[in-house]
Amino acid sequence: MQGQSQQQAYDRGITIFSPDGRLYQVEYAREAVKRGTASIGIRAEDGVVLAVDKRIRSPLMERSSVEKIHKADDHVGIASAGHVADARQLIDFARRRAQVNQLRYEEPIDVESLTKEITDHIQQYTQVGGARPFGVALIIGGINKHGEPRLFETDPSGTPYEWKALAVGADRGDIREYLEEHYHEDIDLDGAVGLALRSLGSVNESGLRPEGVGLATVDVETEQFRMLTDEEVEEYLVDLDLLASEDDDPDEADETDDEE
Amino acid sequence: MQGQSQQQAYDRGITIFSPDGRLYQVEYAREAVKRGTASIGIRAEDGVVLAVDKRIRSPLMERSSVEKIHKADDHVGIASAGHVADARQLIDFARRRAQVNQLRYEEPIDVESLTKEITDHIQQYTQVGGARPFGVALIIGGINKHGEPRLFETDPSGTPYEWKALAVGADRGDIREYLEEHYHEDIDLDGAVGLALRSLGSVNESGLRPEGVGLATVDVETEQFRMLTDEEVEEYLVDLDLLASEDDDPDEADETDDEE
Amino acid sequence: MQGQSQQQAYDRGITIFSPDGRLYQVEYAREAVKRGTASIGIRAEDGVVLAVDKRIRSPLMERSSVEKIHKADDHVGIASAGHVADARQLIDFARRRAQVNQLRYEEPIDVESLTKEITDHIQQYTQVGGARPFGVALIIGGINKHGEPRLFETDPSGTPYEWKALAVGADRGDIREYLEEHYHEDIDLDGAVGLALRSLGSVNESGLRPEGVGLATVDVETEQFRMLTDEEVEEYLVDLDLLASEDDDPDEADETDDEE
Amino acid sequence: MQGQSQQQAYDRGITIFSPDGRLYQVEYAREAVKRGTASIGIRAEDGVVLAVDKRIRSPLMERSSVEKIHKADDHVGIASAGHVADARQLIDFARRRAQVNQLRYEEPIDVESLTKEITDHIQQYTQVGGARPFGVALIIGGINKHGEPRLFETDPSGTPYEWKALAVGADRGDIREYLEEHYHEDIDLDGAVGLALRSLGSVNESGLRPEGVGLATVDVETEQFRMLTDEEVEEYLVDLDLLASEDDDPDEADETDDEE
Amino acid sequence: MQGQSQQQAYDRGITIFSPDGRLYQVEYAREAVKRGTASIGIRAEDGVVLAVDKRIRSPLMERSSVEKIHKADDHVGIASAGHVADARQLIDFARRRAQVNQLRYEEPIDVESLTKEITDHIQQYTQVGGARPFGVALIIGGINKHGEPRLFETDPSGTPYEWKALAVGADRGDIREYLEEHYHEDIDLDGAVGLALRSLGSVNESGLRPEGVGLATVDVETEQFRMLTDEEVEEYLVDLDLLASEDDDPDEADETDDEE
Amino acid sequence: MQGQSQQQAYDRGITIFSPDGRLYQVEYAREAVKRGTASIGIRAEDGVVLAVDKRIRSPLMERSSVEKIHKADDHVGIASAGHVADARQLIDFARRRAQVNQLRYEEPIDVESLTKEITDHIQQYTQVGGARPFGVALIIGGINKHGEPRLFETDPSGTPYEWKALAVGADRGDIREYLEEHYHEDIDLDGAVGLALRSLGSVNESGLRPEGVGLATVDVETEQFRMLTDEEVEEYLVDLDLLASEDDDPDEADETDDEE
Amino acid sequence: MQGQSQQQAYDRGITIFSPDGRLYQVEYAREAVKRGTASIGIRAEDGVVLAVDKRIRSPLMERSSVEKIHKADDHVGIASAGHVADARQLIDFARRRAQVNQLRYEEPIDVESLTKEITDHIQQYTQVGGARPFGVALIIGGINKHGEPRLFETDPSGTPYEWKALAVGADRGDIREYLEEHYHEDIDLDGAVGLALRSLGSVNESGLRPEGVGLATVDVETEQFRMLTDEEVEEYLVDLDLLASEDDDPDEADETDDEE
C-alpha cells in the first residue's frame, strides 16, 4: 500500500523523476506499446524482414487501414506497435526527414541516421513539459549506402537499439525467446521470412491467416521496400504448415493497435 | 473502489498515460461520440452513401440546422457523430484543406490524404497540452482520382480507418452487426442506400420519418456529392416498408448531437 | 454522494471530458444562460421579430442600458440571454465581422455566415485552455441576400441552430411550449409580434409593461432592423390585453442579466 | 457545510463557471467594491454631479491623494469605489482612450463610447486566464456631443449601465433608496449637488465635513469638468444643515479605499 | 479554525480575490514591509526630509551597504522599508524613468509623475499572474518644477499617497502618532530634521547612534538631494539629547531589511 | 513517517528548494545514474582511458547499439551512465559544440571548455521550469591543445569535476575504492587500460567477456580517440586473467542503461 | 504542528509571500548556502583576500575542479558557497558583464556596479515565476578605479552588502565572531591573509592542509587577481602553526559544495 501510494506521487508529471530515478510516464508509454499486437523484424544477410500481427475488428474494415508496416523511403520500412495515432506521427516524421535528406544531399538517408533523428524527436517529448511521450515502438529496417541491411528499434524513452531480430508489442517475450532459439546470422531473406512467420505462429496456436499478417522486405539487391501480397503470404503459410482454416476466430484484437 | 480511485488519478490530464498505458481523455472523448445519434457510411461499387439519424428537438427547429452530413468538396461528403460544435470545426478544417489543395495543385484533394490531414490535426489535440481532444467521429466518403469510391473513419485518438461499411455514434454495435450480416462487396449505390436505411431502421423499431434521416451519396460517374431530398428519402422508406407514421414520437434526442 | 464527488472531479477544467463524455464547464455556462431573463425570436413570412423580457433594477436606471436587443448590421438584429458582459463581447464581434464583410466584399454579410463566425469563435473558448466559455446564448435574426428572413441561435458550446421560433433564458421551456402550440409557418410580421408578446405574457401572470419589454423587427421589404418605441409596444399590449397596471411590481430581476 | 465546501470548489479560478452558472471571482470583486466608501453620481438637466465620501487615515495625509474623483477628459469625470490601485489603472486607461480619440478623430470622445471601451477592457479580465478581475466600480459622468449629460456605471463583470442617479460602494443600498425617493428628472445641477450631499448625509449621522467630501460637476454650458473647492462644499453643507463640527470623529475609514 | 482554513484557500494565488473582496498576497506583502526597520519622511516649507533607522548586522559590514535612502534624481530622494532586494528594483526603475524623462523632455521628472509611474509598475504585479507583489513601501520626496516640496508613499498594492509626514516599516504606528502630535505645516527644513530624529528616538529608548541613522534632505533652494554626514547627524543628536552611548547595544536588526 | 511525508512535499517540482536547501529532483536524477551500469575513466601520463560495463539484453541485440562510449571529436571521447536517451542528447550537444568551435576558431575545442558548455546546459534544466534534469552522468576524456590528457565528470546538477580516475553508475563506490588503492599518477596508457579492466573485474566476480566491455583511449601522441576491438579487449582480459568463460551468465542488465 | 503545517502552505511557490511576509523559497536557498563549506573575504588597506575551505571527495579528484575562487576580471575575484552549479552560472554572468563593460566603455567594470548587476539578476529569480532562486552566496572582491579595495556579498534574495570582512557557508557564525574580534581596519594584505587562515583554522581543530585551502588576493598596486600556490599557502600555515599533518582525516565534505 505504502509503495503504491508513493508511486502515484511521481507518475503523473512527465518531467519528473521518482525517488529511485525512474520516469513513470515513459514506463506507462511502454505499457501502451505492450497493448499493441506484435511486430517483428529480422535481419538476414541479404535484406530485412518486417512482419506484423494484424487484427481486424470487423470484416467490413479495410485491412489496409490497419496496416502496421509503412514505407518510409524506397529503401526503408517501418513496423510499429502501440498507440496507432502516435505511430502515424512518427512515420510521417520519418518520411519528411527522408525527403529532406534526399533534397539536401541528393542521396537516400542512412538508416541509422534516420533512426536517431526519430529517437531525438521522441526524447524531447519525455523531458520538456506540455506534452506526453509517444506510446509507440517502431522497428526500422532498411539498407544503408554500403548495401548492408540494418534493423533498429525505437522505444518510448527515445533510445535507439540495433537488432539482428526482435519483437515489440504483445507476446514480445515469447516471440523473442523463439527468435533467440532459431535465429542464425547467416540466415537469408527467404529463411528470415519463414522465421518471422514461424515466430508469429508460435504465439497463435490456431495458426495464421494471410489477412491477419503483414509482411514486407527490403533486399540488398534492389534496395527496395516491398509489401508481400496475400497470395505470397498464404504460400509461405502453407509451406510452413501455419495456415489457419478460414473459420477460425482470430484472437480478440488488442486495444491499442485497433482502438474502438 | 481501489480501482476506481486509481483511475481517477489519470483521467483528467490529457497529456498523461495511465499505468496500464491508456489515455483516459481520449477514451472519454469516445464516450462523447457514443452520446451522438448514429451515422452510417457504406461503400458501393459505384459510389458511397452517408446516412444519419437526425433528431429534431422541436418542430420549430429548422431541420437543416441539425444536419449531420456536410459537403467537404465536390467529390467528398462527411457525416459526423458526437459533439456538434467540434464536428463543425473539423469539417471547416476539411474544407479549407480541400480548397488549399485545389489552389496549390489544381486538382481535387485525394480522399485518403484529406482523411490523414484531419487525423493528424486530431492527434495533436491528444498529445500536446492546453486543449482537449475532439469529441467527435467523422465518416468521410468520396471518390478518388482513379474514380474509386473510398470510405474512412476518424476517431478521437486521431486514427484513420478505411471501411466498406461502418456506423459511429449511438447503437453503433447493433448497426454494425446488421451491416456485417447484409453487406456484400458488389452492392451498387442504390442497394447501399437501401442497406443504410434498413440498418438505421433495425435500431428504430417504430420506423423512420424522412425528416429524421439525412442521406447523401457521391457516385463515381458524376463524382458529385448530393444530398437526397425528403421526397427521395420518403420514396425509399415506402419501398423498404420503413416509413413510420407521422404521429409516432421519435426517440428522445441524444444529448451530444443536439445539446440543450 | 459518490456521484456528486465524481462529478466535481471533471467540472472545473474546461478542456477535459468527464468519463461519460460531457463538458461540464459548457453545461454550467448554459446555466448562466438560464439565469438571464427570457429572449424570444420568431420568424414570419415577411420578417423576423426579437422580443425580450427586460427587468430594470431601479427606476433610476436608464432602460436603454439594460437593452438586450442590439443591431448587428442594418439587416441583422441580435437578442441575448445570460451573462451581459459576455453578450456584449459577442455582439461587438458580430458587428466587426459584419463591417469587415461589407468592406471586403462590398455586400452585407449573410445571416447564416455571421452566425457561424460567431459560433466558431465561441467553440474555441470551449476547447483551448486559458479561458472560460461564453455564458450567453444569442438569437440572431435578419434578412439574407435573397430577401428571406432567417433566425438562428448560438449556444455556449458553439453550436448554431436555425429556428422558426424559439426562446432562450429563464422560462424557455414554458415559452417554447406556447410557441409550439401557437406558431404557424405563414404567420406575418404583425402576427409574429403579437405571438412574441403573448408568449412573453404567458409566463408573466400580472401582465407586461412597455418599459419591461424590448421589441425589434427586421422586415423583408426594407431589410432594416428597427426597435419598436414604447408607444408602439404599449399599443400592442393594449390590443392584446396584456398591459399590466403601472403599480404592479414586476418580478424580481434575474441575476445574470442585471447583476448587482 | 455542504453548500459551503461546494462553493469553495468554484470560486478560486476566475475562468470557470460554478454548476449554477456563476463566476465567483467576479462576485468577490464586487465585494471589494463594497469595501470602498460610497461614491454617488446624479444626472441633472444641465449637467452631472459626482460626489464621494472621502476618508482620510491621518491628518498628515494630503487629502488630494485620496481623491476618488478624477478628470478623464475636459468633459468627463470619473468617481470610483473599491480597490484604489485598480481604479487608477482604469482611469489611466480612460484618459489614454480619450486622448487617442481626440488625436484620431479631432473631437472629444463620446461618454458612452468611453464607457464601453472601459467595460470591454474589464470583461477581458473576467474571461481570459492569468489575471484577476478589477476590484472597482466606476461612475462616469460627462456631456456628449449633443450637449446632453450622461451618467454611466461600470461594474467588475464589465457591464455598463446608464443611470439617472446612482451610488456604489459602502451604504449603496441606503443611498439608492434615498435617491429613488428624492430624485426627479427635472432637477437642475444646483439641486443635484444638494441631493448628492443630502444622500451622503443620510448615511453619516454626525454630519459631513468639507474635507471628507469630494464634489465635482460637468455642466452642459461649459462642458467642463470642475472640482468644487472646500469653501464651496462647506457653503453647501451649511445651507443644507449638514456640516459636522470639526471635533467629530469621522467614521473609521474603510479598508479598500484607503488600505493600510 | 473554520475561519483560518477558509483564509488559507485564498491567500496563495496572487490573482484572486477572497470571498470578502481581499487580496491576501498584497496584504502579506504589507507584512514584509512591517518586518523592515522604520523609515520616515517629513515635508517642510522649504524642503523634504527622509530619515531611516539603519541596523547593522555586524561592525564588519559597511554601513553604506545597508543604506535605505537613495537618490533617484538630483531633486528626488527615496527611502524604503521592507524587502531590500525588491526596494532596489523599484529604485532602479525610478532612476531609469527619471533619466528617460530628462532625455525625452529635457526637464527633470515631476515628483508626482514619478510616483505614479512606480505605483503603476507595482500594481501590475498584483493583478497579472506569474509574479508576486513587491514586498516594499517607498517614501518619495522631492521638489517639483514650481519649487514646491512633495512627499509621497507607495504601498504594495500600487496605491500612491501624498503626506505631510509619514512613517513606514516597524513601529510605524507609534511614530505616526508622534508625528501627528508634533508636526505643524509651517515647519522649516531644520525643524523637520529635528522632528524626524525625535520621532525615531521616540521608539528607541536607549537613544540613537549616528551610524544607526540615515538622514537626507532635498531643499527648495538648491533642489538638490543631499545625504547628511555622520558628523552632521551626531551634531543633531547631541543638540536633541538623543545620542546613545557607543556601548549601547542597538536593538536586534529586523529581518527583512537586513536578512541573514 | 513525518520526515517522509515532509520530503514528499518538495521533491516533485524541480524548481524549488526543500527547507534544508536541497533540490530533490536533482538528487533523484542522480539515482537514475546509479541505475546505469558502471563507466570508468582513467587519466594516464600519455592519454586517457574510458571503460564501460556493457550489458546486452539479448544475444540478438547488436552490441554496438548499447555502446556507452562515444567519440565527441577527434581528440575527445565521452562515456556515460544513466538514462540512455538523455545521454544521447548530451553527446549530440557535445558534438555540435565541438563542430561549432572548429568552424569558428579553426581549432579543436578545449576539453575543459567543452565540459563547461555541457554543464551549463545541464544546469539550466535544474533551475528553469518546464523540464526535468538530465538523468545521466558523463565522463569526458581527451587531450587539450598543450598535449595534456584531461578527464572530467558532469553530474545531473550541472557541476563539472576533474579527475585522475573515476567511476560513475552502479558499483561506483566499490570501483572508486579499487581505483584509489591502485592508481598512481605516473601510470602509462597501457597500465591504465589494465587498471580500468581490473577495477571493472573487481565488481564482476565471474570475470569479464570482451563483448561485455567497452574500451577506448585518446593518446597524447596521435590525439585521436580510438575504440579497442574485441580482440584487443580479449587479449587484455587474457593477460589480466579476467576472461570469463563464454557460458557464464552475465549479471542481469541494469534497468536504466538498457531499458526494456 | 499547526505552525508547521501552515508553513508548508507557503514555502513551495517561489512567487508568494507567507502571511507574515516571508519568502520561504529564498530562505531555503539560504539553507543551500549553509550546506556549502565556508568562504571568507577580508578587505585590507592595500587589497582584498579571498579564502575558502576546499573539501576534496577523493584523492583522485583534481583539486582545481572543486575550486571555489574564480577570477571574474583582472581586478576582481569571486568566492562562493552553496550550490556549485548555480555558482558557476553567476560567475559566468559576472565575467560576461565585465567583458561587455570593457568593450563598451573601454575600462574595467567597477566592483560595486558588477555586484549590483549580479544581484539584479538574482532578484529576478525570486520574483518572477518559472524558476527557482540561486542557491548560492558570492563574495566579490576587487579594486575600483580609484585604487580602493572593495568587498561585497550577494545573497539568494538578491541583496548586495559591502563588508570589511565576512564569511559565508558552513560555520559562518563562528568565523564571523572570530573576524569581528581580530579584524582591524588598518590591516595590510599580508596580515589579512594570516587572519583569513587563522579564522578558517578556528573552525578546523585538526589544522589545515594547503590542498584543503583556496587563497587569492587582489592588491591595489598591481590591481591583479592572483591565486596563491600550495607552497605559498603551506608557508603561511607553517608560520601560523596551522599546518595539519598529512594523515589527518579532513572533515567530511559538505554536501552542497561537493555533491555526490
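Think of it as A, B, C, D, E, F and G in the order they're written, each chain with its own count starting at 1.
Convention: a residue touches a chain if its C-beta (ideal position, glycine included) is under 8 Å from a C-beta of that chain, and two chains touch if they have at least 3 such contacts.
In UniProt terms the chains read A, B, C, D, E, F, G = Proteasome subunit alpha.
Since we're looking at a predicted model, the values are computed, not measured.
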Required steps from chain C to chain F (each step between touching chains, minimum): 3
Chain F and chain G: spacing of chain centres that average the CA atoms, whole Å: 31
Centroid distance [mean C-alpha coordinates] between chain G and chain B, Å: 69
Distance from chain E to chain C - Cα centre to Cα centre, in angstrom: 55
Sequence positions of chain B contacting 2 or more other chains: 13-14, 30, 129-130
Neighbour-by-neighbour ring order, given that chain C leads and chain D comes next: C, D, E, G, F, A, B
Complex interface listing, chain F residues touching chain G: 6, 9-10, 13-23, 30, 116, 119-120, 122-123, 126-130, 152, 155, 157-166, 176, 179-180, 183
Chain E residues touching chain G - in the complex, by the definition given at the top: 8, 11-14, 24-25, 28-35, 58-62, 64-66, 82-86, 88-89, 92, 125, 129-135, 256, 259-260
